[in-house]
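In the two complexes below, subunit A is the common chain; its partner is subunit B in one and subunit C in the other.
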Partner chain A sequence: MRTIFYSFVALVYTFLLVPVVMTVWGSVATSPMLTFPPRGFTLDWYRAIPAEFFAALTVSLEVAIATTVLATIVGVPAALAIVRGGFPGRSIVSAFCLSPLMVPTLVLGVAGFQFWTRAADVIGYNITGSILGVVVGQSAFTIPYVIRSALAGQANLDRSFEEAALGLGSSPIRTFFTVTLPLLAPGITSGAIFAFLMSLDDVPIALFMGGGAATTLPVKIFTSIQFSLDPQIMAIASLLMAMSLVLMIMIEAIFGLEKFFGIRKSSH
Partner chain B sequence: MSGANSPAEPPHIEWRPSRAWLAAALPSIVLLLAVFAVPFLLLTENSFRLDEGLGQLSAEFTLSNYISFLTDSFYLSMLGRTFLMGLVVVLACVILGYPVAYFIARSSGALRGLSMFLVVAPLLISLVIRNLGMFPVLGESGLVNSILMSLRITSAPLVLLNNMIGVEIGLTHALLPLMILSLVVAIQSVEYDLELASASLGAFPIRTFFFVIVPLTRSGLLAGSMLVFTLAISAYTTPVMLGGNRVLVMSTFIGKEMLTVLEYGVAAACSVVLVTVTLLLTAPAARSRKTT
Partner chain C sequence: MLMRALKVTIAGVVLAAMGLPAFAQQSKPTLRVANYGGAFTASQKKYVGELFTARTGVKIEYVDGNSSEHLAKLIASRGREPPFDIVYLDDINQVQGIQAGLLEKLDPSIVTNLQFVYPEAQSKDGYGPGMIFYSVGIAYNTEKFKQAGIPEPKSWADLWDPRLSGRVVAPDLAMAQGRDLLMAATRLEGGNESNLDKGIAKIATLKAHSYPSSSATIEALMKSGDIWAAPWTNGRAWGLTDQGLPIRFIIPQDGGFGHTTTIDLVKGTKYPKEAQEYINLVLDPLPQLGQANEIPYGPTTKLLAPVLAAYPKMAQKFPSSPSDIAKLYIINWDTFNKNFQRASSLWNRQILSK
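== the complex of A and B ==
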C-alpha cells in the first residue's frame, strides 16, 4: 500500500520533470533528434544556434523590461490609491484594474490586434508588428499583476509602524518613503518579477501584436518548430531554462518559491 | 488569466483618505482603458459584423456570427471537443495531483521544501520550452514509446503527438502544478488527528482518503478544477504546439481565423464566447469564496 503510494508520487514527479531533462539532454546529444535514449556528447549545437534566436532573445528581454517598468510605475500608485484613497468607487476601480486577469491572453491578443489595426487609420501609425505593440499588448496583464501583488502586500502591512513615524513627528511624505515603501518593497518586487516572467512566457499576445523585427524568443521557437525541430532549438531552450533557474534560486532565497506562488497563480 | 483569485476588499483605513488619491490611480485606469477595455469593446463590436474577406468587416451589424455558432454543427462540435478536452485535463490533474498534494501537505522540513520546489519550479520555465520538452518524451521513438515497446506492452509506437492525446498530456503537464498547489492548501487545513481517528476506528488508508480527506478538501478541489478547466479551454500555445495544427478547439480555431483565414468577425465572436464561458464558470466560484 505504502509502496504503491510512494511509487505513484515518484512517477508523477518524473512526469513533471522529464521534459526539462530531455530538453537539456537533447541539446548535447549527437544522436538524431527525438530518439531515446539520446547518445553521445557535443556542445556543437550551442555553437550553431542561429543568430536570429539571439536577436529574438534580445527582443524578449527589451519587451519584458519595458512592460515591467511601465507596469510598476503606474501599478504601484494605483494599488496605494485603492487601499488609502478617499474617493468614491474605489472597489469599482479595483475590480476594473484586475478584470483583465479574467480574460484569456489569447483574447487579449486578438482584441489588441483588431483594435490597433483599426486605430492605425486614425492615428496614422500601426503599432502592431513593433516592440511598442507587444509592450502595449502585454501591459493589459502586467499592470494588473503588479496591482494585485501590491494590494496583497498592503493587506499584510502593519500600519502601526507608519503611525509611530507620524506620531514621532515625521512628515507624511518622509514616512511614506522611509517607512511605507520599504515595508511594501517585497510585494512590489515579487509583483514585478512575476510580471517580468509572464511577459517572457507569453506567446499569444506577442504573436498577434509582434512579428517581423519584433519577434520574441517564445514566438520564434513556437513558429519554427512547426517546420522543423533541431537540436539548436533544444540548445537555446536550455540556455533560457538556465536563466529561469538563476531567477528561481533568487526568488527562493528572497521570498521562498512557495510563498511567491501562494498569493498568486500562474496563467497561460 | 488567473481570475480565480478575487481581489481582497480594500481594507478600510483612516489614514489621509483623500480624493487626491484618485490622481495616483489615474495612469493605470487610463492605460488599462487604452490597452484593454476599449480594444475589448471593439472586439465585441466586430463580433456583430460579417466578414467580407481579407480581414474586411461589413459596415452594418448582424447577429449571424452568433446564430451560426449556436446552430452550425461545426461550431457546436468544436465547443463540445473543447469542453471534453478541459474535462479530461481536469480529471488527469485530480488523479495525478491528489497523491502528490497529500504527500507534500503531510511532509515537513527539508523534504517538504524540496517536494514543493519541484512542483513549483516548472511554472517558472517558459511554457514553450516545457512543450518543446514533450517532443522527445512523446515522439514516435521517444521515451514513452521506447519504454512501452521494450516492455512489449505495444508492438507499434503509439501516436502521442500532433493529436488530441498529445494536447491533453501537454495541458495536464502545464496545469498540474496549479492543481497541486490548490490541493496542498486544502489538505493542510485538515487536522491530521482526523485521519488518526479514522484509522483507529478501523478504516483503511484508502477509505480514510475517500471518506475524510476528499470531502473535507472539496472546496480546494473545486477551486483547483475550475482554474485548470478555464485555463485548459482557453490555452493557445500548447494545443498548437502539441496538436501540430491538427487539433481544432476554440483557441486554435480563433488563432487560425486571425492568422490565415483572416475572418476577424468570426474570430471576435468566438473570443466573446470563450470569455463568456470563462466568466460564467469563475464567477460563482469567486462569489462562494467571498461568502465563506
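== the complex of A and C ==
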C-alpha cells in the first residue's frame, strides 16, 4: 500500500517537474533548436539574451512590487471591515470583493482596457499602456487574493488579546499596530506573496493594459514564442524560475515556509 | 532687493529647467508601434525603428502582441485616443480593421515609397500597403517521403495521398495556412470564396494527424518527424531547411497562396505625419532588404527586384520577382470573410467533432 502511495507521489512530481527540467536543460544545450534529448553544454544562450528581456524583467518586478503594495493596502482593511464592520450586506460585499477571481483574466484585461480608455474622458489621462495601467489592471485579481488570505488569518485570531491591550490602556491605533497586525501577519504575508507571484506570472492583463515601455517579461516571452522558440527564451525562463526558487529558499531560511504561509500544525 | 532679484532668477531658472524637457517632449513625440514581437519586431527595430530615431529624433516604442490582439485593442478604444499610432496586421485583419473604420488612408505625398510597391501589395482604397510578401505552400520531409516511396508533392491534392494518412496536419482556421488549405480544398472541388462548404467537406476526408493552432506546434511536429507534410509558410519551412533538416518547401502547381503583412496608420493618432514618415521608411529599399535577409519574407518594393535577381540563394526562399508574385493566388478577403463564419461552424461540426 505504502509503495503504491509513494510511487504515485513520485509520478505526480515527475509529471510536474519534467517541463521545468527540460526548460533548464534546453537552455544550456548547444543545439540552436529544440531537440530531445538536449545535447552538449554551453552558457552562450544566457549571454545572448537580448537586452529588452532584462528591461522587461525590470518592468515586471516594478509592477509586481507596486501591485502587491496596492493590494495589501486595499485588501487588509477590506478584510477587516468584512469581518468586523457591523454593516448590513456584508456577505454581499465579501462575495463582490472575491468575484474577480471567478472571471477569466483575459476578460478582466479587455474590460479593464476598455474601461480605462473611456475613463480617460473624465480623468483626462489614459493609464493604459503604462506601468500604472498594468498595476491597476492586476489589482483586480491581486486584491481578492490578499482579502481571501487575510480573511482566513482572521478566523484564527483570538480577539481577547486586543481586548486585553485596550483594557490596559493602549490606544486603538497602537493596539492595531502592535497587537492585531502582528497576529494577522502570516495571513497578510502569504496573500502578498501570492499576489506578487500571480503578478509576475500574468500575461492577459499585462498584454492589454501594458505595451511599449510597460511590457512585462511574461508578455515578452509569450509574444516571442508565438514567433519562434529559441534557446535564449529557455535561458530567460530558467532565470525567472531561479529567481522564484531563490525567493522561496530565502523565505524558508528566514521564516520557514510553513510558518510563513500560516500553516500551523496546532494553533495557540 | 538683491535677495528678491536672486529669488526671481532662481525661480526663472527652475521654471526653465522644468519647462524645457516638457517642451522638448512635445516637439519630439514618441510613436507607439504595434508589432508582432519576437524576432520580427527585433528586425523591424534594427532596420527601421533605430534608423528613424537617428534621422528624426522621434522615439519609437513597440507594443508586442499578435494581429488579432491589436485589432481587439483598436475596437475597444474606438472613438477615443488609440493605444498606438501605427499597426502591423495580417492581411485578413486589415480588411476587418478597414470595415470597422479603425484605420486611416495614407497620404502618398508623405509615403512617397508607395509608388514603388507591387500592385499586389497595394490597398485598392489607399490604406496601408503590404510591407512583406510571404507564400503558403507545402512543406514536406524529403527523407520520410523517400523511405515511403512517395513522389514529391506537386499539387494540393497530393496531401490526400493515402500513404500520408495520419502524417499531415490541417492547421486551424485561426491560422493563415489553415484558411489557405480551406481555400485550396475549395478550389480542388471547383468552388471559390463564396462557397467554402465544398472545401470543408474535402478537408473532412483528409486523414489529418491533428489540427494545430500555432506555427510553433507545426514546427515541433515537422522537426520530430511525427508529420511528413504540412501547408506552411515559406519563412518557417526555410528556417528548418537552413538548420540542416530534410525539409523542402514547394509552391504547388495549382497555386500557392500569397499573403502580406500590412502596415497601417491608426485613425485618431496625434502624429499622422511622423507615423507616415515611419511607414515610408518601412517601404524604403534598405530596411526592406535588411528585413528579407533577417527573416525570409519577400520585400514588397519593386526597387529591389534587380538586387534579388543577383542573389538567387537568398531570393529562392521567398516571393522575390514579379513573376513569383503573379503566380500566387491572393484570396479575396471581402468575399471570404462574408462566408467565413459559416465555414467556421461547419469546421467545428464536421471536422473537429469527428
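Going forward, the second predicted complex is superposed on the first by the 231 of 268 C-alpha atoms of A that agree within 3 Å, B and C clash if a C-alpha of one lies under 4 Å from a C-alpha of the other, contacts with A are read in each partner's own complex, and residues count from 1 in each chain.
The rule is simple: contacts are C-beta pairs under 8 Å (C-beta built on N, C-alpha and C of every residue); 3 or more make two chains touch, one makes a residue touch a chain.
For clarity, every value in this text was computed on a predicted model and none was experimentally measured.
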Combined model on subunit A: subunit C and subunit B, fit or clash: clash
Touching partner for A:Leu17 - first (subunit B), second (subunit C), both, neither: first
First (subunit B), second (subunit C), both or neither touched by A:Phe208: both
Which superposed partner A:Leu240 touches (first subunit B, second subunit C, both, neither): first
Partner, of subunit C and subunit B, that touches more residues belonging to subunit A: B
Subunit B versus subunit C as contact partner of A:Gln114, first or second or both or neither: both
First, second, both or neither for A:Ser94, with subunit B first and subunit C second: first
Subunit B versus subunit C as contact partner of A:Thr128, first or second or both or neither: second
Touching partner for A:Pro50 - first (subunit B), second (subunit C), both, neither: second
Subunit B versus subunit C as contact partner of A:Val103, first or second or both or neither: first
Which superposed partner A:Ser228 touches (first subunit B, second subunit C, both, neither): second
Superposed model, subunit B segment overlapping subunit C, candidates 60-68, 96-104, 258-266 or 276-284: 258-266
Residues of subunit A at both interfaces, subunit B in one complex, subunit C in the other: 33-36, 110, 113-114, 117-118, 207-208, 222, 225-226, 229
Complex contacts: residues of subunit C adjacent to subunit A: 32, 34, 36-42, 61-66, 69, 72-73, 76-77, 80-81, 83-84, 214-216, 219-220, 223-224, 239, 243
Residues on subunit A engaged by subunit B in the complex (per definition of touch): 1, 5-6, 8-9, 12-13, 15-23, 25-26, 33-38, 70, 73-75, 77-78, 80-87, 90-91, 93-108, 110-118, 136-137, 139-141, 143-144, 147-148, 151-152, 154-155, 159, 162-163, 172, 197, 200-201, 203-204, 207-208, 218, 221-222, 225-226, 229, 233-234, 237, 240-241, 244, 247-248, 251-252, 257-258, 260-262, 264-268
Residue numbers on subunit A that touch subunit C, as the complex places them: 32-36, 50, 110, 113-114, 117-118, 120-121, 126, 128-129, 207-208, 211-213, 215, 219-220, 222-230
Touching residues on subunit B, where the partner in the complex is subunit A: 1-5, 7-11, 13, 15-19, 21-25, 27-29, 31-32, 34-40, 42-43, 46, 55, 96-97, 99-100, 103, 113, 115-137, 139-143, 145-146, 173-178, 181, 185, 205-206, 227, 231, 234-238, 240-241, 244-245, 251, 254-255, 258-259, 264, 267-268, 271, 274-275, 278-279, 282
